[in-house]
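Heads up, the next two complexes both have chain A, just with different partners, chain B and then chain C.
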Partner chain A sequence: MVNLPLFIILPFGVAFFIPMVSRKFKWVPDVLGNITTFILLLLSLMTLNQEHVYHIGGWRAPFGIVLVLDGLSCLLLVIINLISFMSSLFSIEYLEKRYTSKLRYYSLFLLMVGGMNGTVLSGDLFNLFVFMEIASIASYALVGFGCEARELEASFKYLVMGNVGSLFVLYAVALLYGKTGTLNMADVARILKDIPYDNLIAFSFVLIISGFMIKSALVPFHAWLPDAHPSAPAPISAMLSGVVIKALGVYVVIRLIFNLFGFNHIISNILVYMGITSMIIGVCLAILQWDLKRLLAYHSISQMGYVFCGIGLGTTLGILGGIFHLFNHSLFKSLLFLDSGSIEYETETRDLNKMGLLYKKMPITSFSTLVASMSISGIPPFNGFWSKFIIILASIKAGRPIVALWAVIGSILTLSSFTKVCRYSIYGKGEKFDKEKWEKLKEVPDFMSIPLIILSILCIFTGLLLIGLENGIFGPVIDVLKGGVLEYINKVLGD
Partner chain B sequence: MKNNEEKGMSLIVKTVTRWLKGFIFLFGAYIVVFGHLSPGGGFPGGVVFAATFILLTLAFGREYALRKIGKILASELDSLGAILFLILASLGIYFTGIFFSNFIEKFHPSGNFKLFSAGIIPLCNISIGMKVGASLFMIFIILSVVRVIFEDGKGKLITTEKKDKK
Partner chain C sequence: MIIYMCIAIMFFVGLYGMMVKKNIIKMIIGVNIIGYAVNLFFIVLGYRKNGIAPIMVPGMEIKDFVQKAVNPLPQALVLTSIVIDLSIICFLASLSIRIYEKYGSFDFEKIRRLKG
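Right after this comes the complex of A and B.
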């Protein structure tokens, strides 16, 4: 059995240890950062298919803070630590060229990872808020890491929007505490189940869900994302798009809806319609972009729409599709952002018009970009196809063919926008293509190409995880969500 | 010393600050150490620690305060506080098998070392006080050092530190 607090102790401890020693030893941040994320990845793989409730300080559930490990948090832990290991591996060489302070970078990076690990493990509303703030504040700083005008502006915008979200959450937590007298999520759920539903509960529900939806950047709340994600260094963009919007946004929203407030028909409709709006608006805005990273950022909004659509359907198949798409999106979107990072590293531009013919000079980057593009647009053997297919199938089975129609339209638009990416950057050339610069291009260093290769292989083969459908590897996750409020209460407070 | 007299605020403020700084620091230490028995604790005590140095900065100028506690020292105290807190919490795993458990013997009437009457809580308070004091002071210094300048319509962050050294 893995000691659950290790997921929090390890990143925080190393994050504060790095600034103490690395003024003397320059190699410390690279080595320690990567070893830590690797150990965290191993630990998270060891938690697979386990359930555990950890009482911090030995205090029993409603009185003390609990860490809850179940199927859903397990999946999120694996995603967070896998992508963070890939990103930190990528950072070794990437940061050498343009950025200076590796000490601060790794310190903030590990704070962000620790905050997210804490968020997905916490079984306590206020603790969840604190961990979310740790991760968010570290990510505000990392977005503005380049310290140039655009990056600072994006970081400030992200900070303002993020803090509005956090304030909503804090206010809602305070209201819920006033209503129920407890902060333990299972205990809040137990009390809310017994008292009559009134306006205060509805108000705090709306506040807390919109607060976390700002973090997950669904369409009415998406304005910060297209600025923040492209401005960060590429490994951080991969973390933000691949993990942060899921761990701080989607995970908490579905955890609160399914395990605390209870899922019903109205909430289902809200989630599905918000999902449809973001998947269509996100992809329409993405097609218009010529900045590669900005285009990818808009796609994050659109793909989060698919996740919400699938989960919002509420059927077993729908939840399976949504969860699987969440997993797949973290793989291919972080791969795409790392690719954009390597392209930027070599060509020093993000404008699609200035690129061209990269497949001759950068074979690994081009190949992995192609794999990820096909995954995200849903071409059959790749993982993105299976999850979108399940979502579409689930919506037809649930008697909502309109949802399926919009999902197909969104998918076609995604395909067209990634055709544009491949056409201008890899196989064709843009209008401002610079031949002299192109002659000097070469493949990125090894440490940058290893994560690209690993993630491409994962993108090709993770479609196999679907074997067994709802009884397969995602079974425990579906059980957590389908079990609803009662099972969560029994798990945390029972025995 | 003459140089110092010209910087900062008026003579009255400087004199009062010189008298009071020790007491304010002591009050911070009091709040931290008695946090487990009376209102207070690591965070408020740390804020008072930071307030001492912020008062010094306001009265005498930044260099004077930075001579008392350097930037690197402050940053290291900040990290050290956090690490001490984590180590205290993790020692619980070593002694009792539970994270954050209170493994030091609690007070009973015949006990002899009364500072630890609440187990690890005073120790936690001290480490939090270190962390909060150092990091709040650092935030204040950073805010006073960093400027945004505009060149060719583009904003840019610079530090005004080097100018001061000249």
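Right after this comes the complex of A and C.
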């Protein structure tokens, strides 16, 4: 049995410890940071298929604070800690060249990881808010880590938008506390179930969901994302796009809708239509971009649309598709951002026009970019194909062929924009291609190419996780969401 | 009831400052005002007229205590939330100093370079 507070204490403790020791020893931040994320990865793999409610300080559920581990949190824990291990491995060499203060970097990085682990495990509304703020503040600081003009501007924008979202959430938590007199999520759900639905509940629902949707960057709320994600250092972009928008945004929205407020027909429509809008608008804006990282950032908006579409359908197959796409997106999007980081590391540019013919000089980076591009555009047998296929199949089965049509169109547009990436950077060359610079290029150092290789292998083979469909590895997650409010109450408050 | 209206007005004043004003310092003040509005709302939830501090002293009747004591939970929550607000304001202020060094202006229109 894994001790749940370890997921929170370990990263916070090490984040505190790193600045104290590493003024004397330069190698300490690298070693400590990577060992911590590796241990967290092992711990999160040990939690698979377990269910547990941990009472902090031994106080029973409605009075004390609880940490809840169920199928959904297990999956998110594995995603968070896998991607954070890959990113911290990538950071060892990447930070040497452009950035200076490694101890602050690893300290903030671990604060962010710990905050996200806490968000995913928390069973209490106010603690959810606090952990979310810890992770958000660390990520605001990491976006502006380079301290160049553009990075500072992006960080400022991200902070103002993110803070509006957080305050909405806090206001909604206050309203819900005033209505129900409790902060425990299961207890709030139990009380809301029995009292008649009124305007106050509807208002707090809208506030809290829009607060978290700002964090998950669905289309009306997406303005900060294309500035913030490209400005961060590449491993942080991988964390932001791969994990932060999921753990702080999508996960909390799903958890609140399915396990606290209850899922119904109207919410299903809202989720599906918002999903379709961000799917199409995100990808249309992405095609126009010439900055590689900005293009990838717009694709994050579009792919989150697929996740919301799948889950919004509310059928077993739809939820399976949405959850599986969430998992796959974290793999291939973080791989793409790490690739863009290693391209930037060697060529020192992000402009697609200035790149070209990378496959001759950087075989590993080009190969992994190709794998991830095919994965995100949904070409069989890569993992992105299976999840998109299931979402499309589910929407046809649910009697909504329009959703399927838009999903196919979005997928074709994605394919075309990644054809552009591969054409200009890897196999062809851009208009401002610089031959002299190209002669000097070489493959990135080992510590940067290892995460690329691991993530590419995962991208190729995770399609196999689908074996058994809803009875397979994603079964517990679907049970949590299909079980709805009642099962969650029983799990947390029962016994 | 009137105090809730005041809180709502304060919230929207802050939101206005944050969203409409072009000067970075004014935006930071807007962030601050929204934070105060939400914290004040939390405190008002636990308010009780002629209430006493929720500390049990010897010689106090438990029934009396329950009737008079204010709810301590919102106060504890607001303390946490003030600390979070403080860290955000500090971070924003230091960020705006850095932005001033780079751009030589506090006007957000002049700072804007990220587009597309």
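By definition in this document, the second predicted complex is superposed on the first by the 495 of 495 C-alpha atoms of A that agree within 3 Å, B and C clash if a C-alpha of one lies under 4 Å from a C-alpha of the other, contacts with A are read in each partner's own complex, and residues count from 1 in each chain.
Rule of thumb we're sticking to: a contact is a pair of C-beta atoms (placed from the backbone, for glycine too) under 8 Å apart; a residue touches a chain by one contact, two chains touch by 3 or more.
Bear in mind that the values here come from a model prediction, so they are computed numbers and not experimental data.
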A:Lys26 in the overlay: touching chain B, chain C, both, or neither? Say first, second, both or neither. neither
Larger residue footprint on chain A, choosing between chain B and chain C, goes to C
Identify the partner contact of A:Gly58: answer first if only chain B is touched, second if only chain C is, both if each is, neither if none is. first
Quick one: is A:Leu152 in contact with chain B, with chain C, with both, or with neither? Answer first, second, both or neither. both
Let me test your reading of the model: by the given contact rule, A:Ile137 touches which partner, first (chain B), second (chain C), both or neither? second
Looking at A:Arg294 after the superposition, I want to know if it touches chain B, chain C, both of them or none. Which is it: first, second, both, neither? second
Output check: A:Tyr177 vs chain B and chain C. Expected answer is one of first, second, both, neither. What do you get? second
Return first, second, both or neither, reflecting whether A:Asn163 touches chain B, chain C, both chains, or no partner chain. second
Note: overlapping chain A surface for chain B and chain C spans 147-149, 152-153
Give the list of chain A residues in touch with chain C in this complex. 126, 130, 133, 137, 140-141, 144, 147-150, 152-157, 159-160, 163-164, 167, 170-171, 174, 177-178, 183, 226-227, 231, 288-289, 291, 294
Can you tell me which positions in chain A touch chain B when the two form their complex? 3-5, 9, 12-13, 16-17, 19-20, 23, 54-58, 147-149, 152-153
Residue numbers of chain B touching chain A in their complex, please. 72, 75-76, 79-80, 82-83, 86, 89-90, 92-93, 96, 98-102, 154-157
Contacts from chain C onto chain A in the complex sit at residues 11, 15, 18, 24, 27, 31, 34-35, 38, 41-42, 45, 73-74, 77, 80-81, 84, 87-88, 91-92, 95-96, 98-99, 102-103, 111-114, 116
